Structures are given as structure tokens and as C-alpha cells.
Amino acid sequence: MTDTPSARYRVAVVGASGYAGGELVRLLSQHPAVEVTFLGAGSSAGRTLGEVHPNLASSPLASMQLRPVDDPAAVSAAAELAFCCLPHGASSSLAPSLLDDGAKVIDLAGDFRLEAGDYPEWYGFEHPAQGWLSKAVYGLPELLGEQIAGAQLVANPGCFPTPVVLGLAPLFGAGLIGEGPIRVDGKTGVSGAGRATSESTSFSASDGSIRPYRAPLHQHTPEMERALELAAGVSSAVVFVPHLVPTVRGVVATCYAPASAGASTETVVRCLQQAYSGEPFVRVLELGEMVDVKRTIATNTVELQAFVDPRTTTLVVIGALDNLIKGAAGQAIQNMNLMLGLEVSTALPKVAAYP
Amino acid sequence: MTDTPSARYRVAVVGASGYAGGELVRLLSQHPAVEVTFLGAGSSAGRTLGEVHPNLASSPLASMQLRPVDDPAAVSAAAELAFCCLPHGASSSLAPSLLDDGAKVIDLAGDFRLEAGDYPEWYGFEHPAQGWLSKAVYGLPELLGEQIAGAQLVANPGCFPTPVVLGLAPLFGAGLIGEGPIRVDGKTGVSGAGRATSESTSFSASDGSIRPYRAPLHQHTPEMERALELAAGVSSAVVFVPHLVPTVRGVVATCYAPASAGASTETVVRCLQQAYSGEPFVRVLELGEMVDVKRTIATNTVELQAFVDPRTTTLVVIGALDNLIKGAAGQAIQNMNLMLGLEVSTALPKVAAYP
Amino acid sequence: MTDTPSARYRVAVVGASGYAGGELVRLLSQHPAVEVTFLGAGSSAGRTLGEVHPNLASSPLASMQLRPVDDPAAVSAAAELAFCCLPHGASSSLAPSLLDDGAKVIDLAGDFRLEAGDYPEWYGFEHPAQGWLSKAVYGLPELLGEQIAGAQLVANPGCFPTPVVLGLAPLFGAGLIGEGPIRVDGKTGVSGAGRATSESTSFSASDGSIRPYRAPLHQHTPEMERALELAAGVSSAVVFVPHLVPTVRGVVATCYAPASAGASTETVVRCLQQAYSGEPFVRVLELGEMVDVKRTIATNTVELQAFVDPRTTTLVVIGALDNLIKGAAGQAIQNMNLMLGLEVSTALPKVAAYP
Amino acid sequence: MTDTPSARYRVAVVGASGYAGGELVRLLSQHPAVEVTFLGAGSSAGRTLGEVHPNLASSPLASMQLRPVDDPAAVSAAAELAFCCLPHGASSSLAPSLLDDGAKVIDLAGDFRLEAGDYPEWYGFEHPAQGWLSKAVYGLPELLGEQIAGAQLVANPGCFPTPVVLGLAPLFGAGLIGEGPIRVDGKTGVSGAGRATSESTSFSASDGSIRPYRAPLHQHTPEMERALELAAGVSSAVVFVPHLVPTVRGVVATCYAPASAGASTETVVRCLQQAYSGEPFVRVLELGEMVDVKRTIATNTVELQAFVDPRTTTLVVIGALDNLIKGAAGQAIQNMNLMLGLEVSTALPKVAAYP
């Protein structure tokens, strides 16, 4: 943190003790144009960053103390932009105060991703800030970048909706998807369940295990539907069956859609390649190549693969990304870069270590 | 091996050096009514069982020598029933000689699972024994047990078709599945790729990796279609996208089918429970329970779960099993038990160690 | 459970809800000479075995209800022999009542493994039942089988002391180990930490992690020293550094001892092979072979390997076993078989599934 | 590669197709002061970097073609400094030509780490370039930085010797280690075996496995002894028993040494903390903290922990690092930075992603 320019943006991470919060702080501490001025936490308040995240013990921010999250005024006094990494339901209570004080907010929970009417059914609460909810912009930079650049409040997408919407939206736009529901089969590493402990996410229970969870009522379902409407203008029903697999990081979403008459493997691959030709973080694979989530770990890159099965007129799009980076902290920084007028890829790794 | 009855059946394992062959020998060596009298192998011929499979070094068969597989007469002289665990394409050359000599054969490769016309496209060879092919019985004991009991040649099913067909056939039979293609999303552990080494199945490449493979042209696709026809009398197109996930054993198949008007989560669960109420190796989960492949490892048990998503009129059936047992060696022994008139569950583990 | 002889031994598992308890019940339910008549649990009391251990949902005992552990009279009324799988400190309170009632007890905790004076330092409590403690027999069947056969109370060994003592005792007896401390480096899978959840044993924290724990004050240290005294009559100081590695089951103990003048790789291997030549569960590897814990999983087998490094006059013995079977539930059943006069290997798997 | 300064150093990676080579290229492509001008390979020559390392498909060097390694003149024409990542035995044939042409060389194999007389016994070949061997500097920057800065040929240390020597050398220097052999117990992830495939490093064989290998004759043994002599001036015999554990990256070395009279946990921790107080890549843990290799993955950081067991007068030092970074490619770049007069930590990650 030596060569700090005088005018850096001050940012807060509210909810810094979880996995997404930890990755956010790690990446922000390497960002040349921002300064982390506030770290907030619930039960970890009072401890230092290095104590809460031992992997950050060598970070320049290691000795920074986490402060309680119940004082919004302290956050908006300390920072021009705040990332909220709180449990679902908490940021819709906190964020309005920050926003009223003029701060920009990027929310990593589900609190600003849906329409007000969807919250009781899918998240189990009545939305307490419907005025701000209606102003929130869905933070998928490759598809909604202009709106994000001008937003005060951005709802950072869920890990599974990101590859699904990136994969399907251009194909809808090009008329390559026919009528009918979209079936999305998800596979995720265990870090998607967060840092809180439970028997089902213990090593002993998860190693050697492949199992579905929360199907067919996962809260990413309506998010996928709404994001497809926002990004592609289509109203399409989605069924989503996520599965836990024994790895720490990474999600793979395999989408089965009805192929339209003009769709072939050639046309769908070219459509996606054209849609993302200038994008630094979307890699559309060539015909015959297969995505591998391992090549996206600890990067902001998403890999997309598509083909058409003529025997069943099924269009298949498969997307892979790191749920904690492109599916959370990395995408949040990408959104921040847009909101602050910075180069969109600043401080975001693109190339993965291997193996 | 103390309390051996005098009149045990003599069996051969031709292709004993791979993973399925090894598991077959392990289970057969604990079977009270059979005696393993011949072990065959390709490049491992001449070595002992304990050398080829160090986990069997304490087995009573450890010092038995593997013999070459190119002398069918030696096999049929030694055994009344032969398991063929050879690479696809090899058993259709070998098995006819054994069958002509009067031996019973259970083939674990794909050589006798399809109709003759399918081989060039899906397996890349012209079938050399179409006469025997037409007499082969598809070895799914819960659905085709009577035919298996009377068969001389049984085609042991592939690991993925087993849960797919067990899950879908009764629902087709009950009219709970509507018109339209079936989408099958598969997840498999790495042992499904066999014992031969390759860079993509190395630990370094596979740990941390989730990736599709051979989609949409995996050879289990036509097998699922044909087995559904044999077991349920339906002609339904299937698209199949398998994925490799970082575990050794186990497959999970998630099937997305159009729900018919009468289908609900309640009706589909009850239909499956009724279909398999007397079956020792099929466990249909209650509403709300989720399959976990970990509970099937090293057993012959398959877990089935089903629900209907009314938002998209999608019927979802999920099946989980151990690819090397119920998906290969265990099911082969289950078939053998039927063919030899033995109690069907003899020598087949049902309850898994955990965790 | 069909061919039950009329006079089977009635056994209790007190503490059936953990991993060792679950494996014990699974193995006992396949034992031809015993009947499980009591299952006890703490907070899981009132639930059925199948609910507490979903892997046992197909077991004949699945619907048996777990009862509270606070009524010793109920246990001794129900069973002639009780396994105690309670947390350290709990069985020394419970067991005396059972023993006073005449029941045989096999304790899987550390409560009866040491001498009274060691408990305050290593386990943090004053031993409440020193009379029974002095009558307890250390349950290492290969070395102390005669005493076990006549015992009313057996202290089942810890997972790490088992391979260490099996590996070292015969070498001490043959004078192949010189003066000086023994250094034991342990590696264990995560199931050794039990079923209780903690952040450090979550999948996300443990996958990709190799780390020492509780060194140099692990409570298996004095147990190794005392067991070496009991089994080999030597008084040797041990330092023990265990490490957690990312696998579920299995421990490997690598012991570094001073080689005596007569020790060579040849002599130490032959000494161990001779010591265990008639033992069904100890496999001493040939020169040049390396142990692999994977070959012991879900079996009661221990693999031992030994060599001498003349450059440093170091004798190295490496032992590998499944911590939940030979390191807990399997060894407990082996002890039970001895105590009840049954064939020692009854109901104990010897050959592992692979891979 | 846009803002390239005019005067960057030109570097070659000879042997770019393996894991260490791939990581080297990935890190070098992000280094502001060097330009990769030559990539060499054996059987992969003719393919592009992106084809050989699909994780680098988005790298600016992705389309660079790998060239054959058999033309030293092409290498020295293209580069001022060459990294040799060839199999043991190959760089001692190639490097002399490069060195004679005036190029600097950093060798990542074992070819320049020992004295000439050790090669026949430990590597199985007679050293072909003993003149250059005698000029090689052992590349452990924290201990031999000055010599490295002036060297033309640097032998990059092996992955295990690095933590062992970093951990022990200052303690020897402070007189805290007594007389007697050092026992080193190693645990390594599977990537240490390299990219070449073998049955034992397949996912199916390595997952769930803990096993020793090549003990007690691993070629890192004499390297540890010699490096301790170079760095601490002591002549101490080492026995080394490495074990494979189921993770991809990371090594943990647990060293058991005789404690001298003055050694206590307090003194050994303080000694190491003082020795490395200014070093960016060595983190000495506080009393009671335990190393975790997971916190070093994809970084150049090594974690060190030390304590004394007074019961056995044993001093234990445990070191953890990423075998491909601090144990190979990262340390090589650290050496390059010293040799080229650049800031030592340039382009080297210090803080790990987590979990």
C-alpha cells in the first residue's frame, strides 16, 4: 500500500467475515484506485481481519479491525461505496440508510434481485425497502453495463444465474431458442453454502457425495427468469435442480432449452462468440471443446459452451465459473469499476493457476 | 472359503484386470454358491490376482494366475458361466465361442445392449455376432427378471442407463410422463473412465474439476432409449449430457421429462414406491428426501427420488448408484443369481459404510 | 436376519449416533451370533436408527429407536455386553454401573486406556472409577488376546496407537530398536474428528489442506507409551505429531525409532512377518512394497511396512488402517468376539473395495 | 502486454509443457520487467501455449508456439536468461551451451543441486558438466541471496528441501539443534509427481489414498544435507520419508531434530521470527498456531511453525508451501529477480485465495 495516489475511492465491506467478504477484501486490497476504509461484521466484530481470515495474515490490511454492522452512519461516513455481504434479508434493512446518505451500494445477497412480490414466496420475507428495490440495477456487466454505470444501487447476481443468463440471453436475442421451459441442472462446490458450519457440508459428509438440494424451489429460479427478462426481454419459465459435488469452488450450469428451427451447433457457438467478442471475462469455447470449471478458479472468467442435439431438438448451453469470484466478489468489483468509471477489468484476475 | 458345498457353480471372469473385473472377483470370492475357476486378462496375463489388484492380496484367490483371454475353449472348459469385462468390441468376438460351447455369458461391455444397426454409429464397429445379439437379454433384474432367468446371454446395463431406466419405466407405465424428449444430466465419479491412465483422469486434472464429456454423443444415449422400449414399451428420444465430478465412485442421473396432466410429486413418488416395494436393491425416497450417492458406495443399492415442478410441468427423477457395483459388477452378480436360480441378493451388499 | 440361532448374545451400543457408533451397528447387524437389543444416544434419543444414520435406512435395524443413555439399568437389563461410544469422560461415569450389574463392557473412548495418574494432565479430568480402571484390559487383540478373552472391561485402543504399537512391539521384543525416543508422525482423514461440526473440519476448510493439530500434546501420546509397556515391556518416550489430510477415512502412522546394531531392513521385515503370520487382520508388506491406506478402508485390516535407513541408523515402521474399523468399531468387535469365545474374525471385513 | 517498457529482459522457458513450466509462464507473463521470448518443449513442440495449457488460453502469450529444445543456440539468441524445466538429467546436457553463450540459467531440475560425486548414487547418471556444476549457486533466496545475485547459474531448490532448510538453518545457526540425525516426514500433493500420467497418480488411485513413496532413498535427501551445509555450515545426516496425500498442490515437511539444551518452544519460535523478520515470503507462526498448506496455495509464501517437546527433547519444525510456486516456479522468479537486480518480490503473489 505504498504508492497510494492521493485521490482514491474509499470503500466499505459490510459483512467481511464470510467467504465472499474475505475474497472481496483480498481483491480490493490489490486494487490501485480504491482504499478499504471500513470492514463490518456481525459476531466477528472486534477481531482483526487477519484473525478472521488467516489467509490474509500477510495482507497490508491484516491488522484492520472489523467493526459492528449496526451503525449505517459510520459506514457512509467512512466510504463512498459499500459492498454488502450480509445474509439474505439483512441488507434490505441496512442498505437504505447508506443510500439515503448518498453512498453507492453493491449488494451481494438476494435482497435487490427480484421484484417485491416475489420475496414472500422465495425468500420468506416482505421486502422492507420497495422504493430502493425499484431503483436497483441487476449487476450483470456484460449485458447491463450501461445501466450499472449510472446506478447508485446494484444487485450483484447469484452464482448460478450468472452463467445461465450469460449463456441464454444472446441466444434468445438471436431467436435460436424455441417455446417452452428451460431446464437448468446445476453443480456447485461446497463453498457455495458459505462459511457457517453444518453437518451436511462437513468434509466427512461432502467428500464422496453427489446430491441434489433445495430442488425445485431454489431461490435462484425466479432470479434466472427475471434476469432473462431484463437482459433479453423474454418471459421464460425455468426449473432449476442444483447439486452439491465434492469440490470447494466452482459452479457449472447445464441449460437444456428447446432449439428453434434455425439453431445448430454452428449457429449457437457463433452467436455467443459474437456477443462476447470484446468481453475480457467471457470465454466462448470452440466447437467440440468442453468447459472445465477448474480453469476458472480464483479468476473472474466464465467459460461458455453450446451445442444443439438435433435428435431431440435440444439446445444445450453450459457455463462454468468460480462462485466466489465471477459468481460473487469478482463480479461485484467489476460492477464497482463500472460505477466508479474505472477500467472494467482492474484488479480482476483472468488467468487461472493450474492444476 | 471353509464351508464350501460340493456342488458349486464354476464361473470365469474374462477381463479381470480392470476396476469392474476386480470388484467382480472380490464379490464372487465371497459368494457361497460359486467358485471362480478362471481369470482372464490381456496384458496382465501371467501375473497373479494379488499382483494385479493389491487390494485383493488377502483374498483367498490372491495367488490365482491370470490367463490369456484369447483361448475361448479354455474358458468354457473351466466354467459354466463367464463374465466378460473386456473393452467395447472385444466381447462380441469372444462371447460367441463360449456361447456355442454352451456356457452362459454375462457381458459387461456395450456389445450386446443395442440393436445391430446402432453399432456402426454409436460404437464404431459392425457387429460381428448378430445372431447371438438378437438372443441377448438386457440385464436389468428389477424390470426384466423373468427373461434374465431364462437367458443364456445377458447384456449387463451401463452405469447411467440403470438409474435412468429404473426411474422412468414405471412412470411411463403409469402414464405420468407426457410427450416429448427426455433430458438426462449425468454426474459421474472418475472410476467410470476405467483403469487405463490418461491426463484428463489424473488426480491433478480431475480434482477441483467439474466438466462435461462426450456430449451429446455418449453411447449410453441409444441404450437408454432401447431399454425404455424394452422395459416400458415406449419410444422416447433422449439427450444425455454426462459430467465428470471429483469423486472416485458413484453416478447420479437427473432426468427431466414432461409431466403428464395427472402427475404430481405425490403420484410419482407413490408410483415408484409401489413399483419397487419388494425389491431389495431399490430404495425410493420419501417426499422431500434427497438422494446421496455416498450412501450407495460399495453396495448394490440404487436410490431414486422424484418430484414434479408444476411451474414448468417438468417431472424430475434422480437416481444414484455405485457405478462399479449396481452399475457393473453387482448387477452382473444379481443377473447371475437369477440365471443360476439362486436367491437374487446373494453376496450383494445392501448397506453402505459411512461416512 | 432370517437364520437367527435361538441363543444369540444380546449387545448394546451406547452412543450410537456418532460415526464409530454407526459403523458398529452396521457391522453388528451382520453378525450371526449377536443381537443388538439396545441403542443409546444423547441428543438423538427418540429418533430411529434410520433417521440418525440415513445410510442404515435399509438395515433390518432401521426402525429401532435410540434411547437415552442416562439409565444404566436399562442397558444392563437389555444386554450382556455393551459398547460405549461416548465422548471422553462420559463412559467412566456410565460404565461402572453396567459392570457392577455384571455386564461386559468395551469402551471406545479414552476413559480406560491410561493409568489413573495420567487423566488430569492428558484428558483434563480426575478419573472417577479407578477400581474398574485397574481391571481394564487394553484391547489390542493381536498382542493381548489372552487377557482380552478373560476380561470384563476392555479399553478399545485409539486409532493411532493401534498401528504404532502393532508395528513397534515385536521389534522391541526382538531387540531391533535401540535407546532413545520414538518420533511418530501421524496423518489422518477428517472422520477422526468425529461427527460434530466445526469450521476446521468443514469441506471448504479441509479440502486442499494439510495441517498438524494438537501437537505435541495429543492424548494418544501417553497411550502409545503405556501400550508399548503393556505389550512389549518397554518404557519408551514418544513424541507424536498428527496431521489432518483431505480424505475421510484412514490413518497412517510413520514411526522413527533408533535402529539397534542388528537391525536391517531384512531383519525388521522378517520379524514383523513372523510375529503376525497367523493373524487374519495384519498384513506385513514385503521389502519394497509401500502401504496404502486406501486398501484398508472399510476393513479390519492393518498394513505394516518397515525398513532401516543405515545412513542415519533409523528404523522406520509405517502402519495404515481405517480409523473407524480397525481403529474403532472393527477392533471393538474383534475384542467382543474374543470376550464371547467366538471366532475372532466373525463379521469383520478383510478385503477392501477398490478403487 | 500493452504498456511494455522498451528495455525489458528477454527470458526463455525451456520445458514449458509441464506443470512447473506452465506456472512459470503464467507468472512471467504478468511480470512488468521481462518479456518471454522463447518457449521450448519436447513432444509438445509445434503446438501453441494455449493448446498445451488450456488454462492459459486467455493469456497474452496463448498463441505463442512452443519450439524444440534441442537447439541451444536458438535459446541463447532469443533470451538473456533461461529457465530450464526439463526432466532430471536433461538440463545438465543443455545448460552448458547456454551458459557458454553468456546466458544466465536457472535450472528447476536436480542437475545442479548436488556435488558431482552424488549424482551416480542419487540420480543414476554421471554428471556431464562438472565445471559448471562447481559454479552453480543453490537458489534459496532468503539464505543465499547475495551469492544468487551474482550468479550466472542457479540451481532452484526442490520442493521439500525449501521448507526443511528454511526451517532448520537458523536454528542450527543459533545452536538450538543438538547432535544426531534429522528425521524429515514429508506430505505432498499429487502435482509433485508432474504432468506425466501413471496409474498411481490417477484420480481413482490417489483419492482416498495416503501412502509413502521412494523411502528412504528419495533424491531430496542429499539435497537437504548439502543445503544445510551451504546455508548453515553444518554436516547433518537426514532421513526423509515422503508421503502422497490426496490434494493437488502443497507440501508439508515435518522435521524432527534433537533439541539442544537451550532450546524451548519460545526460543525456537523467536529465533525463526528474527531470522525472517524482513522477508516478504516467510511467515513464522506464533506459539500455538498451526501451519496450513491451504493458505500458501498459488502464492510464493512459506509458513513455518516450531516447537520443542521437552518429554523427548525433540525440536519439531514444520514448513508448508505450494510445491509449484515457492517450491518451483515462484522461487525461480524470485531468483531471477535477484539475478537481474529487480525488486525481489516482483510478480510473486503473497496472499492466497481462500477457501
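Going by the order they are written in, the chains are A, B, C and D; count residues from 1 in each one.
We adopt the following convention: a contact is a pair of C-beta atoms (placed from the backbone, for glycine too) under 8 Å apart; a residue touches a chain by one contact, two chains touch by 3 or more.
Just so it is clear, the model here is predicted, and its values are computed rather than measured.
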| item | value |
| --- | --- |
| Greatest separation from chain C - chain, by CA centre | A |
| Chain pair with more C-beta contacts, B-D versus A-B | A-B |
| Interchain centroid distance [CA atoms averaged], chain A/chain B, Å | 39 |
| Whole-Å separation of chain centres (CA-atom averages), chain B against chain D | 46 |
| Residues within chain A bordering two or more other chains | 19, 191, 204-205, 207-208, 246-249, 292, 294, 297, 355 |
| Chain A to chain B touching residues, read off their complex | 181-183, 185, 187, 189, 204-205, 207-213, 215-216, 221, 237-239, 241, 243, 245-250, 252, 254, 256, 290-294, 297, 305, 307, 309, 311-314, 316, 318, 320, 355 |
| Interface residues, chain D side, partner chain A - complex | 19, 22-23, 26, 29, 53-59, 191, 248-249, 283, 292, 294-295, 297-298, 301, 324, 350-355 |
| In the complex, chain B residues that touch chain D | 19, 190-191, 193, 195, 197-199, 201-208, 246-248 |
